[in-house]
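Each of the two complexes below includes chain A, the first together with chain B, the second together with chain C.
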Partner chain A sequence: MSAMIGPSRRWLRAGLAGYTWIVVLFIYLPPVYLLLLSFNPGLLPSVPTLSNLSLKWYRALLDEARMLDALQASVMVAVVTAVVTTVLALLGGLAYRRMAANAQVGFFVFVVFPMFVPGVIQGLALSVILRVLGVTFSGWTVVAGHLLWSLPVVFIVLLTSFSVLRGSLAEAAQDLGASEWRVFWDITFPLIRPGIISGASFALLLSFNEFIRAFFLVGGQDTLPIYMFGAMNAGTSPTIYSLAGSTLLLSALGFGLALVGLTLLKTRRGWAHRAVQSS
Partner chain B sequence: MTGHRRSVLLASPVVAVLLALSVAPLALVLVWSFWQWDPAIYWMRPAFVLDAYQSVVGTDRLIVIVRTARIALITAALALLLGYPVALFMDRFATARERTILMLLFLVPFFTSYIIRTFAWRLVLGRTGLINSFLVRAGLREEPLEWLLFSDFAVHVGLLASYLPFMIFPLLLAFGRIDRSLIEASEDLGGTFGQTLRHVILPLTAPGMFAGSLFVFVMALGSSVEVQFLGGAAASMIAIMIQDVIRVLNFPLAFAISTSVVLFLILLLIVGSRFLGLARLFASVAR
Partner chain C sequence: MPVEVRVEHVTKVFGAITAVAGVTLEIQRGEFFTLLGPSGSGKTTLLRIIAGLEGPSSGRVFIGGIDATDLPPNRRPTSTVFQDLALFPHMSVGQNVEYGLRLRGVSPAARQARAQAMLRLTDLDGFYDRDPNTLSGGQRQRVALARALVVEPTVLLLDEPLTGLDEKLREQMQEELRNLQHKLGTTFVAVTHHQDGALSMSHRIAVLRDGHLEQVGGPVELYERPRTQFVASFVGAANLLRGTVESRDGHAVLLLGGEALRLPSPPPIAPGEPAVMVIRPERVRLGADSRARDNRVPVEVVSLVYKGAVLEYGLRLSQGQPLRAQVMGQDAGRDVRVGTRTEAGWDLRDTIVLPGGRGDGGG
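Moving on, here comes the complex of A and B:
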């Protein structure tokens, strides 16, 4: 940036920085405001004062049996979705690495395509074919719908994490006579483990919060977002705020934990790397 | 050749699952959209009729489709305008630390509930919401603004807040692919920031602009929650129309609308990857 020294660049930087944080505020203001309201003890939404903060409506959540059932269903669906998604995306990612460039583009578009299909259409299409096939709707059918949303995302996440793989390491191992499996377990897998962990956590969160694809596929038991959608439309009980608040906090916590896990793994790998170098 | 066979083997579970859960259902929907509804059995009979498509283009359904496309277009354009300076700041001006923090901040919304984020706008835009209570208390308005909530304005705000990250990340990808020496060359030759932006940065980030706009457009086109929570009483979107049509069991019509939308999206994606370097942009993800 040699041509732009001095105050003009500094002003430009300051202006763009200020603007960027306003955009961040635009995205974060509503959920943060909702969180504030959720700690208000009154019946009508208002911002509580510091001395007035209350967990009253959070405690009230524990008495809502239907909500707790939905929460349990959502957690189970999310865990299964995360496991299946991660295994499938990992296999797909490994396949992608071995493909010719032409095949890669086609395969990438094919895997990512369901992300672009509107959830209503994808959910409806899947529910109709399942109904015709005589499948009973349950948590499993919800998993099937959620897969179509989480698989493309996790696939992309894993592909980015593959950038740490240097072909030479695996080739060296192969040259030394290691089998395909050994190369995978001893080299590939440890290197991409951070990607796998973040991919799995992202799948978990995507499934946990997905509404529209589940809407057509639930059996007798609603998932949490479906329950929440109903409660928000009915719109009277203040527990909506605490329910939304705790869901937001849980998701943010999950995201944070995934990040912490990633950082820990990276530092550990850094240590190991340095230990190897110094020995 | 074993490498090739192995990659086919590794890819087969993903391909099988996606064929079964996504492609096959959508293909069947396509076929069924030409069948004939039989009220006697509450299902369709094999046929090849265009009745369903005729009722898509007829009546006020077309209005909803055009309206949805308009809202999605405006949202994509606004997202590009709002998102580009953000990506510019993150790539060209931010410190590594700021960049990481901003990346994370724009990533979090992907993994929190869009239902909640949309619902939260009601609390901000409503009659007694954050903005109106501020305006009234500050004496700027006697009466709360009515058009803030349950309006097209609110729908656009909700869509933008939901899908802005879908614009920012493709833009960042495109920024990352710019050869730094080109920017340096432009500056060494005495180009001002404005000239470098116009002649180097903007043209080189065009694939990112297109990819981001396409993402936002597609997401907005299929959205329903934003309109259900924030739109006016008569407001509808394609996704809501499909749900309404299903509720009265008009399956062929629902399938005809769905088929039209999906075919349109496929066309957009093909055009995008053919002529606008979409696939190349994403190939860089996997490098």
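Moving on, here comes the complex of A and C:
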């Protein structure tokens, strides 16, 4: 084998490394460019100069009442979607576990299929039906559309987390005297909690980002993506860059905090172990 | 002794498969009872029916004189040690052991005291705060035992407690279980396919095959007086010599090939009927030691396996029937060599004669 590590292999490695960097830049450069623009007091999107940075557009952002309303609407829709989706997916998942194998296949397809229906169709179809039923469009109708979109994803995430419930854990708890309800609270729920948290986060993000379904289903109050789309079309206001910038920074902050929290949790557990073992 | 568990005509059907077929048995209070059988014999299903984790298709289960057939597992006075142990991975050893007490509303101080006492009893002193995921297989097994015993069940059910342990640990666990059972006096019902473990742990053993009860009895009874070919060959090693019973000079003999083997009198099988003679390998004597035995046949030595404490000989009778013999130490070594001919002998008191018919252990 070692004889094969020749020039050709080295070229291959260099090529792969280069390709990887191109992909990384392709993904991260545009948002970073946007971020730099947002700190640029100039009005035109050009190559921003680092020597001239300002928080001007961030201050202006706070005065954009319509934008803030849209942000509030989006957050509300996302939170409600995340809660409702996670509860439904959890109930569905628990039911799925008790089904016979052939029923499971049918149920899985039934729940997951909407993932493969284009958003335009889903949004249009739902809006037509809701109109026929005489439903007033509002944040709730947007939630309904987002439910279709996020439920399959959260369901799959939860099913994956159910793998920790292997073997006779639930039976053992029941055997020790636990009712079905206690089995759920004491054993099932704590063990699948990571899956519930990541499922809810997915639903939150999917809803917060979603445009096309919301576009068909929105009432008087636009969600943030719809507002941004409108703002872009109505001639670019520079606040849109600071909005994108703050979203980006907040996401990075949230991700960073989660990472720090996880690390702290791990080391604390590690300490507890060492303390016990040395005592 | 009073009956602790009574299983009455219990049948369990899964789709097209009958896992347990009309089993009736009684387990005495304070007894170490073992359900022994190969995989698919229905032993685990029977245990799960006693635990309430599975409902019988028909039949009743009584525990402590009360009909428990329709009680869910959380309302039965039984505790189970599962084959996969099922230790709760998000709880410490102490929390695992205390879980059953927590469900029963025992105060934190009292349940910690009881858990600590049970951990001491299972030789896990100082493991209270440990994470069960970091323990060895034997330690995890003992945590599962402590967790099941701390709630003071009237019956402890053990599903394959010896599987997944290496041989040394398995012997240790057998002894530990026996001691624990002796100390606590709790009725233990274990499921296993390790016949040596079953013999050394249990007061009584039920041998199961294809969902049927083959025989129930103490270890000595099952080994010395198996009632079916299946029990004879499943509990311990056995030579099964198949032939036909004939009468010769007023004596019953078993004809196989050219040999006429003496049968005990009165013969348990009528002349003309097929029969099987069961002889344990360690009761077969070779060479000089075979002289003056009730039955003596010429054999060819085919193989010799050194097993430390014993030598195991593979032999062949004149018509090609195989025969195994086990000899302690080096005793037979001098005059019995592979490829040579010698003689094998055994006494009638070491012989069991069962009705013939190939494979239908029920006889």
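The criterion applied here is as follows: the second predicted complex is superposed on the first by the 221 of 279 C-alpha atoms of A that agree within 3 Å, B and C clash if a C-alpha of one lies under 4 Å from a C-alpha of the other, contacts with A are read in each partner's own complex, and residues count from 1 in each chain.
Please note the rule applied: a residue touches a chain if its C-beta (ideal position, glycine included) is under 8 Å from a C-beta of that chain, and two chains touch if they have at least 3 such contacts.
None of the values given here were measured: they were computed from a predicted structure.
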Query: Are chain B and chain C a fit on chain A, or do they clash, once the structures share the same frame?
result: fit
Message: So in the superposed three-chain picture, is A:Pro190 touching just chain B, just chain C, both, or none of them (first/second/both/neither)?
response: second
Message: Tell me the contact category for A:Leu176 with respect to chain B and chain C: first, second, both or neither.
response: second
- request: Tell me which partner A:Ala125 touches in the superposition: chain B (first), chain C (second), both or neither.
  value: first
Query: Of the two partner chains, chain B (first) and chain C (second), which one does A:Ser54 touch, if any: first, second, both, or neither?
result: neither
- prompt: More residues of chain A in touch with chain C or with chain B?
  reply: B
Message: Is A:Val24 touching anything from chain B or chain C once the two structures are fitted on A? First, second, both or neither.
response: first
- prompt: After superposition on the shared chain, which partner residues are touched by A:Ala244: those of chain B (first), chain C (second), both, or neither?
  reply: first
Query: In the superposed model, how near does chain B get to chain C, counting Cα atoms only, in Å?
result: 11
Query: Okay, in this complex, where on chain A does chain C touch?
result: 164, 167-169, 171-179, 182, 186-187, 190-191, 272-273, 276-277
- request: Within their complex, state which residues of chain B touch chain A.
  value: 3-4, 6-11, 13-15, 17-18, 21-22, 24-26, 28-29, 32, 82-83, 85-86, 88-90, 93-94, 98, 102, 104-117, 119-121, 123-124, 128, 130, 160-161, 164-165, 184, 187-188, 190-193, 218, 221-225, 228-229, 238-239, 242-243, 246, 251, 254, 258, 261-262, 265, 269, 273, 279, 282-283, 285-287
Message: Show me the residue ranges of chain C that touch chain A in the complex, using the header's touch definition.
response: 51-53, 72-74, 78-80, 82-84, 86, 88-90, 99-100, 103-104, 129-131, 134, 147-148, 151
Task: Would you tell me which residues of chain A are touching chain B in their complex?
output: 1-4, 8-9, 12-13, 16-17, 19-20, 23-24, 26-31, 33-34, 37, 45, 87-89, 91-92, 94-99, 101, 103-105, 107-114, 116-122, 124-126, 128-129, 144-145, 147-148, 151, 153, 155-156, 159-160, 162-163, 180, 202, 205-206, 209, 211-212, 225, 228-229, 232-233, 240, 244, 247-248, 251-252, 254-255, 259
